[in-house]
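One chain, chain A, appears in both complexes that follow, with chain B as partner in the first and chain C in the second.
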Partner chain A sequence: MSLPKHIYEELEAVVGARYISDRPYILAALRQPLPNIATPPQSPEAVLLPGSTAEVQAIVRICNKYKIKYIAVISSLIVFAYPSEPGTIILQLKRMNRIEEINAEDRYAVIEPGVRHGQLRTELMHLGLSYPVASVGPGGSVLSNFACASGDNHNEYGSSRTNRYICGVEWVLPSGELLRVGSLATDSGWFCADGPGPSLRGLIKGFTGQWGGMGVITRIAIGLDHWRGPAEMPTEGRSPSYKIRLPRDCHRIHIFKFPDLGKLERAMVEVGKAEIGFSVMKFFNASAALLATESANDFWDLWNSGLFQRELARPLYVYLATQSPEEMAYEEAVLMDIIGETGGEPVDASVQRIYEDNMDFYILVGFLQRVLRLGGAWAPAKLSGDSIHHMFEVARAIPEFMTEFIDKGMILNAPDNFMITPGEYGHFAHIELLFLWDRGHPDWANIGMNFMRRSQETDIGHGYHSSSPPRTGAMLQRLGPLYSNCHVWAERIKQAFDPNNVSNPMP
Partner chain B sequence: MTQLADYRHTMESCNHCGQCKWLLGPKTRGWRFAEICPIHAQFHFDAYSGQGLINIARELLEGRLQYEPGLINLIYSCTTCGACDVNCKSVRDMEVLETILAMRAKCVEDGQGPLPAHREMAERIEKNHNIYGHDHAKRQDWLTDEIKVSAESPVAYFVGCSASYMHTDIARNTARILNACGVDFTVLGGAEYCCGNPLWQTGQREAAARQVEHNLAVMRERGIKTVITSCAECFGALRNIYPRYSEPDFEVRHIAEVARDALREGYLNFQRPVDLKVTYHDPCHLGRCSEPYVPWQGEIRAFGLHVPPKQWRRGTNGVYDAPREVLRAIPGLELREMTRNEENAYCCGAGGGVRSAFPEQARETALDRIEEAASTGAAAVVSACPFCRSNLEDALTAEAQSMKYFDLTELITRAI
Partner chain C sequence: MQSLIERFTDLLEDGKVSASPLGLNVYKQGLRHDGGGRPLLAVFPETKAEVQAIVRLANEKRMPLVPVSSGPPRFHGGTACKTDSVIVDFSRMNRILRIDPDNRSVMLEPGATFGAVIPALKAQGLRISTPLLPRANKSVVACHLEREPGTIPKYHYDHLDPLLTLEVVYGTGDDFRTGSASGPGSLETLKADKVNPWGPGSLDYYRFVSAAQGSMGLVTWAVLKTEVLPVIKRPYFIPVTDPGRLTAPMNELLRRRIVDECLALNRHTLAAILAGDDAREFARLQAALPPWTILLAISGYQRRPEERVRVQEKHLFDVGDRLGIAIEPDLPGLRARGAELLESLENPWPETPHWKLRSGDSHDIFFLCPMSKVASLILLMQELARDAGVNGEIGGYIQPVTQGRGCHCEFHFSGADPALARLSAEAPEALMNHGAFFSRPYGAWADLVYRDYAEGVAALRELKRIFDPNNILNPGKLCFE
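Let's look at the complex of A and B:
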């Protein structure tokens, strides 16, 4: 099915002929099977590149008039950015790419959807400002990350999840109506999402966002933090072997290994209590090996050496970023006390050096896509949050379902490839379990879903809060009861706002 | 010769991460000049990017996409600049540019490509051995009496079509620099044919092969052990295309490298100041695309393991330092860097047959690059490729911009 001519022409009248296409060769770039998903996505019927909020509104109204489904996207990184049904059009918002304002005094930035992490983060560095950058790579959309998708990041210990940073929001509702949220609604500026004026922040983002299912966010303001590093990244070398070292007087990385998860947990809690450090986490070890190497073969050499399994099975990564050398001396002394008391030890110097030489890990995660290097069949499981203690309980239960997949050779043998990131100095934590499989495996098409199902069943069995409820119906139904029946609320809200079910409907 | 089907792993591994459209994180400096693919920057649809082109290649290969004129135009809108390739390879084990080039070759094999402008160029090369269709007998007319050329030497200056006919000052300046460095060199004269790069880039592999094989035979016959070029396209061809046909038995050097070595060794001295703030534009085929081709045949096993191990061409070892070292050595000259430089340089817009087929598109890209050059505060942009020169100079003239363009060889000659 392609769009009837008169509908196409109506849409074309909104954006202009240059910014709409239904040619199969243009759509080919938006319907490729992702390497981790067995079923190819539906082809969109057309793709539009609107240039303003008014154009987005006009398109959404036309969609409602003819019951055409639409999905707002920027880079289309994730599966929810692809049509699940025929009769869907894609609105790629990349032409709406302005940084409208950076208010250094009140510490917020107003951005359009097409602004990427690489752009905003480096603009802000010049002004001594920063924000929590998702580890999605420099080309990921900031707005999508803050307002529409997940929002966890390497630095949330010293800051938070991105949902906590949303200030004003400009929102084209699924019907096409324009809503301004927070202080923006009363023309009081962009500084606060919760008023004066309507809040509704939870509807827009809540924990994970609506993945395009509640209309189109056209502008947001995000809160900014102070940046303690240089105005420009001190990059040395050439691709793919860059080195980025921040001045050691105020920027230091320490990585410790722990004999068991209990001791690691204690250390994480104590560091948070002491309120030292800018970034603290237990990071993935196979992903770390992928980030540290420059080809699949290099990865295999490193992985087969066993170094990362030995040193980084239960690591605590601590990045200290301070205002002065004296503050550094204080934070380092406190840290060493805590590590001594909790039984941690420094990791092998060669591992520590990798992070000292690649501090973009804490700025932009410049090489994030390396985690997909083994062929691209990957998926994150869990992805939810609760207390540090609860996240460690969840981690201890991982072998209950993961071991079988490893023993049967279905996934990469990396049982410790999970991350626990505390947020807001340890007041909550996030867990993510990354598993990789090979597309050459005879059962590759089912491995991803089977693994995630088993992971969720383990959570449901234990009553754990660790699987983030996605927007897809079946999974939401299963997990909703764990989260105050959020599936019932989600459905009702969706129906109220999107009676025609045109904004990225999902099965 | 590799075929499109050889790049299945690349086509099936792409996860739409978008790195092929954006400057690498560690090199990004702000909002402006963060895009890396000139066609994506201009047309915005994902189809216009490395990712989009390999998605299209996959559908073509699998018979899911039918040829139509718009598709062929899209495929030939790519400047084959390789920026997507370098950026993708910083994070993935994929061959984006090779896939795009193999797709063009498939278009030609299927009788659907190239575009008329490229076909006409191929006819001109076939007939007159140069891209312009000029009289082959005049290929060496650039040579003046004051230049000392040996009849026989194992060192050959491969002049290329553009410097032979269009920008003859580059040929003369290059020869003068070689003379100043005391390099005993020869030229191939009428025996030199087009390097074949414009044919290769437009998918006309058979026609390219005829040029390559001819030039290889001439060089063998004349006992050439070192080939020097002043043209980035010729340089890229000799290093990256020729080894696909025959194991190279000569070394390839760009005049920037020859001058740099001569400066270091004291054979060349800059006496005269050139008071100018300049920025250097890295030509794609002298920079990231110039790494020598290394054939690989093998198996991609589970989890991406390449057996035998593959030597990747990631743009790390292009010619970046030599022109910069030479420029910095010129008294009075100040070199400023653009954000997108070296392996991340933004294409001038001319390559891959774009300038001949889509002059407006080529001009718009050139203007983007000029804006970046101007943002450094430089008064002039310097490069080392006659094709970049034509495109950038034309855009500067059309827009009546005050910025000047210089070929590297001109500044060297002025300083000697």
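Let's look at the complex of A and C:
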């Protein structure tokens, strides 16, 4: 099915012939390519590349007029960026890629959706500024990560989830109206996204974003932090074999291993209460092995050696970034006190060296897509947050459902491949469990969903808040009653703001 | 009226309904503006079920409800009745439900006050973000629901900080829990510590009830962040003559996260705080103090506190040297009062009347702006005061927010001079036209901020229709009918 000619022409009149296409070979490239999804991919009816907010508004109004579904995308790293049913068009926003303003004094940057982490972060470092960069690689859209997706990142211990840093939003509502929230409401600038009165920014993002389901966000301002590193990354070698080491007087990496999760939890809580460190986390071990190697063969050699299973089953990663050598001495002393009290030990020097040689791991992960390298299927489970204590409770229950999948050979034997990232000096934490499986397995199409369902059922049975209900669809209907009947309110809000249900509806 | 009292009395136990005129007068105390309506009776729920029953009856009778959580006086008019209303007084829902030192959080009912919460937290080695010297009977939950800023900007990541999760009874009578308090399951079976504020799902429900003056829902408890109580605190002060030099040191210190408390007071406000109700002392202090004083604190926490203080003091003086400013260990010209002032910032205002009321009725004007606009808006306010015929100085308080990425600016003045009333009425529009953002639009400010914001008003009214379809929750406030 393709768009009727008159609708196509109406859309073409908005963006110009150069920025619209319905050619099958182009549309085929916009089908979901994720290897873990078994359903046949769906092509969109057309793809448009708007160049301005006004063009986005005009397109959205046409979509409402003809009840055409639309999905606004940039990086397309997740399944929600792809059509799930016929009658959908794609708004690829990559032409809207301007950094409109960097205000060093008031510490914010105004950006369009097509601005990538690699573009903004490097620009800001020259000004001594930074922001929490999500773990999506340098090609990820900053706006999408802050306002439309999840926003957890390796640095949230010393900063926060990215949604905390939104300072202003300009947004085309599902109806096509333009809404500017916060201080933009009275033309007071881009420094506050809440108000006047009740905060409308609550419509665009909760724990996760709306994934394009509440219109199209065309500009945001993000808050900026002080950057404690050099203006340019001191890099040796060339990708993929490169090293980035920041000056040791104020930048140091420590990785400790713990005999059990209880001691690791204690250490993480105490580090947070002391307010030391810039990045703190319990990282994945299989994913760490993928990041640490440059080929699939290298990965298997490393994984089969057992080093990462032994050293990084229960690790505490700590990156100290200080303003002076004296502060480094203080923070290291406090850290060693805590590690001594909680029974941690340094990991093998070869593992520690990996992170000392690639400090970009904590800043802007340039090689994140290595986690996809094995070519099979992978998926995350859990993906929610509460206290450090509660996330460790959730982690302790992982073997209850995971062991069976491992024993039956359905997934990689990596029971410790989960991450717990504290935020805001340990005021909350996030958990993510990554599992990998082989598409050659006879039941490959069901493994992912079965695993995620078992994970969720286990946690619900325990009363653990380890996942957050999705935006719409059957899953929300099923889970909503367990989460304060949130499905009732979510659907009322979606209906009120998107009465034609055209803004990325999910099945 | 009699039937209304009877219906509420049937609903609640004895002693939880009051129609005494004397008692109802309390709800008008301190309000500068008559909302136009009267409190008809007050109800005093003690449980969520009672709150739900009250809301359902109000829906049936189409009777407006105005929630009140703090004791008098009330400064901003959020609880003034626009039409004849029933007051829902939360003063009996005042329990501290849980203090959690490991997760650094506290769970409070809406009637829990700063006077009760601060000492309870101190006993556990914790502290909570407090606005500048709040009165002891001020509700902690209502204060932070209304997005009042605290005095420690480094803990303020977001304008809703330190609010985490909450339980709310919407205008429909349905209850709802936000963030990781939402589920799975009931509150009794849920194991989460309720400290993740976002969601559930793709909506930030807690933002919809923030700065809503109770018009979107009635909050029955909230979980808030607390912080480790420092073992050592050292006060520092920067005297400032030119408002144009006020924000540079605060900006630099906050972006480097060197200081805990960080705020600036002009000599009128600082003298009012230090002098209490002693008029002669007020005059003496006002003459002795510099036009503005920046108040800072360096803290050492539970581990190696002296070392932390030593390191951060070095950073502090490095910044002072770089900017060419003097950083003093005590209030300029007032020996030994600095430590006393810093100590007082950790506590509610101990006396009556509140420091803002030393000359009687208080007018406040407050707004948000970026750091770069603070000086020009201070100068504009001074010019507006002169133009209005105000004699003498007005109070000024500058509070950096969101780690220094914005500023709360507050001007206050009290007395019966008609020039002050004129200033109070006329200044907000001029300030707004020069970049002031009235993010919490009380009273007449609402007309100012919403009059040219049609798309936002339409969106807010959609939300109001969803959460309070019969418009019974504090009607007439903000942009609502």
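One rule holds in what follows: the second predicted complex is superposed on the first by the 495 of 507 C-alpha atoms of A that agree within 3 Å, B and C clash if a C-alpha of one lies under 4 Å from a C-alpha of the other, contacts with A are read in each partner's own complex, and residues count from 1 in each chain.
The working rule: contacts are C-beta pairs under 8 Å (C-beta built on N, C-alpha and C of every residue); 3 or more make two chains touch, one makes a residue touch a chain.
Here the structure is a predicted model, which is why all the values come from computation and not from measurement.
**Student:** Taking chain A as the common reference for superposition, should the pair chain B and chain C be classed as clashing or as fitting?
**Tutor:** The answer is fit.
**Student:** Considering only the touch criterion stated at the top, classify A:Val115 as touching first (chain B), second (chain C), both, or neither.
**Tutor:** The first partner, chain B, only.
**Student:** With chain A at the apex, figure out the C-alpha centre angle toward chain B and chain C and round it to a multiple of 10 degrees.
**Tutor:** One gets 140 degrees for this angle.
**Student:** For A:Thr235 in the superposed arrangement: first (chain B), second (chain C), both or neither?
**Tutor:** In the superposed model, A:Thr235 contacts chain B only, not chain C.
**Student:** A:Ser468 in the overlay: touching chain B, chain C, both, or neither? Say first, second, both or neither.
**Tutor:** second
**Student:** Touching A:Pro198 in the superposition: chain B (first), chain C (second), both, neither?
**Tutor:** Second partner only, chain C.
**Student:** According to the contact criterion defined above, which of chain B and chain C contacts more residues of chain A?
**Tutor:** Touching more residues of chain A than the other partner does is C.
**Student:** Between chain B (first) and chain C (second), which does A:Ala274 come into contact with in this model arrangement: first, second, both, or neither?
**Tutor:** second
**Student:** Measuring by CA atoms in the overlay, how small does the chain B-chain C distance get, in Å?
**Tutor:** Superposition on chain A places chain B and chain C at a least C-alpha distance of 23 Å.
**Student:** Following superposition on chain A, which residues of chain A contact chain B and also contact chain C?
**Tutor:** none
**Student:** Where on chain C is chain A touching in the complex?
**Tutor:** Within the complex, chain C contacts chain A at residues 102-105, 147, 157-160, 174-180, 182-185, 189-213, 215-216, 225, 228, 251, 255-257, 301-304, 307-308, 310-311, 314-315, 368-373, 402-406, 432, 435-441, 446, 448-450, 452-453, 455-456, 458-460, 462-463, 465-466, 478-479.
**Student:** Could you pull out which chain A residues touch chain B in their complex?
**Tutor:** 19, 21, 23-30, 32-36, 47, 49, 75-77, 92, 94-95, 99, 115-123, 126, 137-140, 232-233, 235, 238-242, 244, 295-297, 299-300, 360, 363-370, 372-376, 412, 436, 438-441
**Student:** Under the definition above, what is the set of chain A residues touching chain C in their complex?
**Tutor:** Per the stated touch rule, the residues are 103, 105-108, 159-161, 163-165, 167, 173, 177-183, 185-186, 188-189, 191-203, 205-211, 213-214, 223-226, 269, 273-275, 323-324, 326-327, 330, 333-334, 337-338, 384-390, 393, 424, 426-428, 459-460, 462-465, 468-471, 476, 479, 482-486, 488-490, 492-493, 496-497.
**Student:** What part of chain B is in contact with chain A in the complex they form?
**Tutor:** Within the complex, chain B touches chain A at residues 9, 12-19, 21-31, 34, 44-47, 49, 51-52, 55-56, 58-59, 64-66, 68, 70-71, 74, 86-87, 89-93, 301-306, 309-310, 312, 314-316, 320, 342-344.
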